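We call the chains A, B and C, going by the order they appear; numbering starts again at 1 in every chain.
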């Protein structure tokens, strides 16, 4: 199966390790991964900040770049939700604005074949035990767009539970938002920081060394809060845990 | 232009994008939750009433007067207000002075009454609710509001329904109704429920069954 | 809307204070977490919750779609049942109508059932200005009124107060308004409730005029419904001679049967009960029972403007349960006052800027008072997609465009203060439309990475005041991919 990796602009620029981990993991599972070099950004930040019309060309670009692949895999719940939930809505809005069905038609092909990574593993590849080894104490934070947007449910937790050596701790208040929220983190820094601090304190209370999530944007916020608060914990993307093996362990 | 015309005009303009008729509302919800025998439904009513701090008693018709008399005596009620159509035999075993429900009686007069005894229109098992609709054995709304002690008699199983939808079916919208689920309560302090504010602070519900002798002991 | 909140600072500034108020944070955390767990349990008890939610949504949508027809039908039903219907296009008109009706009774005071609509229009202040005293009788509203405070929650307006603060307010203020607090009043909730009972009882027993809102109005029968807990509602609805109900036009449901949905979803969503202690239903007037004069004031005050917005109109489905407030992480930390409206929390963030417009600083900031986490949408018993409307209103703020204000189409200008952001968004759009330019930027960032601080000066402090920046990697992913042929080239 040949799939396109939609890494997302944030991961491409700031978290290449996550990208390498996805490639390693999927390759190990027999998937041929391609990274279309023309990919940029899904437009989520624009859309969610109120610049829907500026997000439209980015969505069209996304569809141009990825339209021909069998499946599109992304290690980001929020970018996955952008394509799956909000691209159809963008098409609808354009139609309601009297601009015809062009946008809706252009975006339609990518919507059903875009998968968040854990969804792709569990639903498409049908694997729970990906053969990973990660001898650490981990707690898992389900990010909002993965949890409530895509409905990832317990897929990430099932994948983590099958990882050899991994001890999974329940995160109190797991389903509460970490406070990132894209530009929310900048527009309402006090509330955002208070939410982040509460998330980090809850994570600390588990005694875990690692807080794992399926979205680096949230991890950037949580991780930045962790170092500022001087906790010993570190944020790790789920792809990096699932890619780790006894032969090639992640540090 | 009157405000009526102005508002209706605004509504019509606001809906300019909405065209055509919409389909019927999809009512895929249940008419009642779960399957129960008649006895089980009555038990559920008793359980849910008690869960919201109503005091529940069960007896047969023949025992009712004695039970009502005892409840009033235990309360120390000297005056009890009674709806015009309350069966006289319900109060056959009490010494308390009976104050009839009059249009002329003032709230202050009602405030000097200790208790009120009524029937009900319907009771809802799933929610532990009794509904009064001003019927002859229930009286004016205020008589079950101002006195601090309300004894409500529910004829089981005839007056008991399972669910809210079934209760609405039995009620006449033109009659004023009061749905009562436990004694008055508030969640206004720290979102925690506390019983006993303005309405009767003690609600006793007597579930009275036909001629069969009661099997369940009084709770 | 009410003048109570005029001059409110924008949401972030107001929230700044609240976030740092440890008592407030503790009070809100305790209360919202208590009710969250209870609501989840009350909802889980009914197996058909999803179907009830969907039916509630459809009933409300259907009603809004034919609102003109149902308003006229309601007017006919209420009138036929002995009531008098008045129409108020805005807050001022509603206040004038109620003031006139009270004056016609010759009474100097009214008792009030908790009502969002009368809060919204600032009725108490309007009556006060005409020499009429309005007594709030809901316990939480009483706490707010006695404390000369503002409501901070839809269901529990005094949620920001803990029991100790409530005791202090009762001790200090009750004597000014009537019967003083009992000697030696402690802070146990039962004693506080008892103090309120005693204080308000004399007011109920002498009241000649009651003022209420309503949770529902049934068009086919003319029935009004008030859902409450304490019995203060029953007191105000049945003891006075005259009853005046001020109700938003969106509170209509078409049929008696429709109540079967909302009487199941509202109590479980709001107080997390199978059923609230008291629900009163009345249809016009009843001979010899309850008020013999009944007035219904139908309130627009921005609702038809909201109705005109295809995306935003779903906010009118709201049944004011406040479940969205109780699950909202932003509300929990910022508190209700930061929203600058009687409608706080997620629903307030989409309702206030629609009812009042997005022109003021506070209203333009409300659509951003959310991390878009979606918890509000998940619990909403009428499935209002609050995140969708928030994003839609953000668009209105930054792009401007067509909207309806006071029944007239207006062309809104983009809000001020977003120029730098707009420029940044445009620049980003350009870069993202030109992968080569994006790549140049990424490489520049990577090459200069040793120079990057973990904190930022100026506007960047919004991030780095509380969070470190991530380290920029040695190379972006795409360079690695190309250099190593997707990892197959051997290099790592």
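Everything below uses one rule, namely that a contact is a pair of C-beta atoms (placed from the backbone, for glycine too) under 8 Å apart; a residue touches a chain by one contact, two chains touch by 3 or more.
The shown structure was predicted, so the numbers you read here are calculated from the model rather than taken from an experiment.
Enquirer: Find the two chains joined by the most C-beta pairs in contact, please.
Expert: The chain pair with the largest number of C-beta contacts is B-C.
Enquirer: Taking every chain's C-alpha mean, which one sits closest to the mean of all protein C-alpha atoms?
Expert: Chain closest to the assembly's C-alpha mean: C.
Enquirer: Taking each chain's centre as its mean C-alpha position, how far apart are chain A and chain C in Å?
Expert: A distance of 32 Å separates the two centres.
Enquirer: Measure off the straight-line distance from the CA centroid of chain A to the CA centroid of chain B, and report it in whole Å.
Expert: Inter-chain centre distance comes to 53 Å.
Enquirer: Which residues of chain B are in contact with two or more other chains?
Expert: Residue numbers touching two or more other chains: 17.
Enquirer: By residue number and range, which residues of chain A touch two or more other chains?
Expert: Residues 96.
Enquirer: Considering chain C alone, which of its residues make contact with at least two other chains?
Expert: Each of 310 in chain C touches at least two other chains.
Enquirer: Residues of chain B touching chain C in their complex?
Expert: The touching residues are 2-4, 6-15, 17-18, 22, 25-30, 33, 48, 52, 103, 107-108, 111, 124, 126-129, 134, 140-142, 145-146, 164-165, 168, 173-194, 196-200.
Enquirer: Considering only the defined contacts, which chain A positions touch chain C in the complex?
Expert: Touching chain C from chain A are residues 7, 9, 11-17, 19-20, 23-24, 27, 33-35, 37-41, 43, 45-55, 57-58, 61, 89, 93, 96, 144-145, 148-149, 175-177, 179-197, 220-221, 223-225, 227-228.
Enquirer: If you look only at chain C, which of its residues touch chain B in the complex?
Expert: Going by the criterion above, the answer is residues 27, 30-32, 34-35, 46-48, 51-52, 54-55, 58-59, 61-62, 65, 67-68, 71-72, 75, 81, 87-89, 93, 137-140, 143, 155-156, 158-159, 162-163, 166, 189-190, 192-194, 196-197, 200-201, 204-206, 218, 221, 223, 229-232, 234-235, 238-239, 249, 256-261, 263-264, 271, 273-283, 286, 288-290, 298, 300, 304-305, 307-308, 310, 313, 326, 404, 407.
Enquirer: Going by the contact rule set out above, which residues of chain C touch chain A in the complex?
Expert: Its residues touching chain A are 11-12, 15-16, 19-20, 25, 310-311, 329-330, 333-334, 367-375, 377-378, 388, 391, 393-399, 421-422, 425-426, 428-429, 431-433, 435, 438, 442, 445, 454, 462-470, 472-473, 475-478, 480-482, 486-487.
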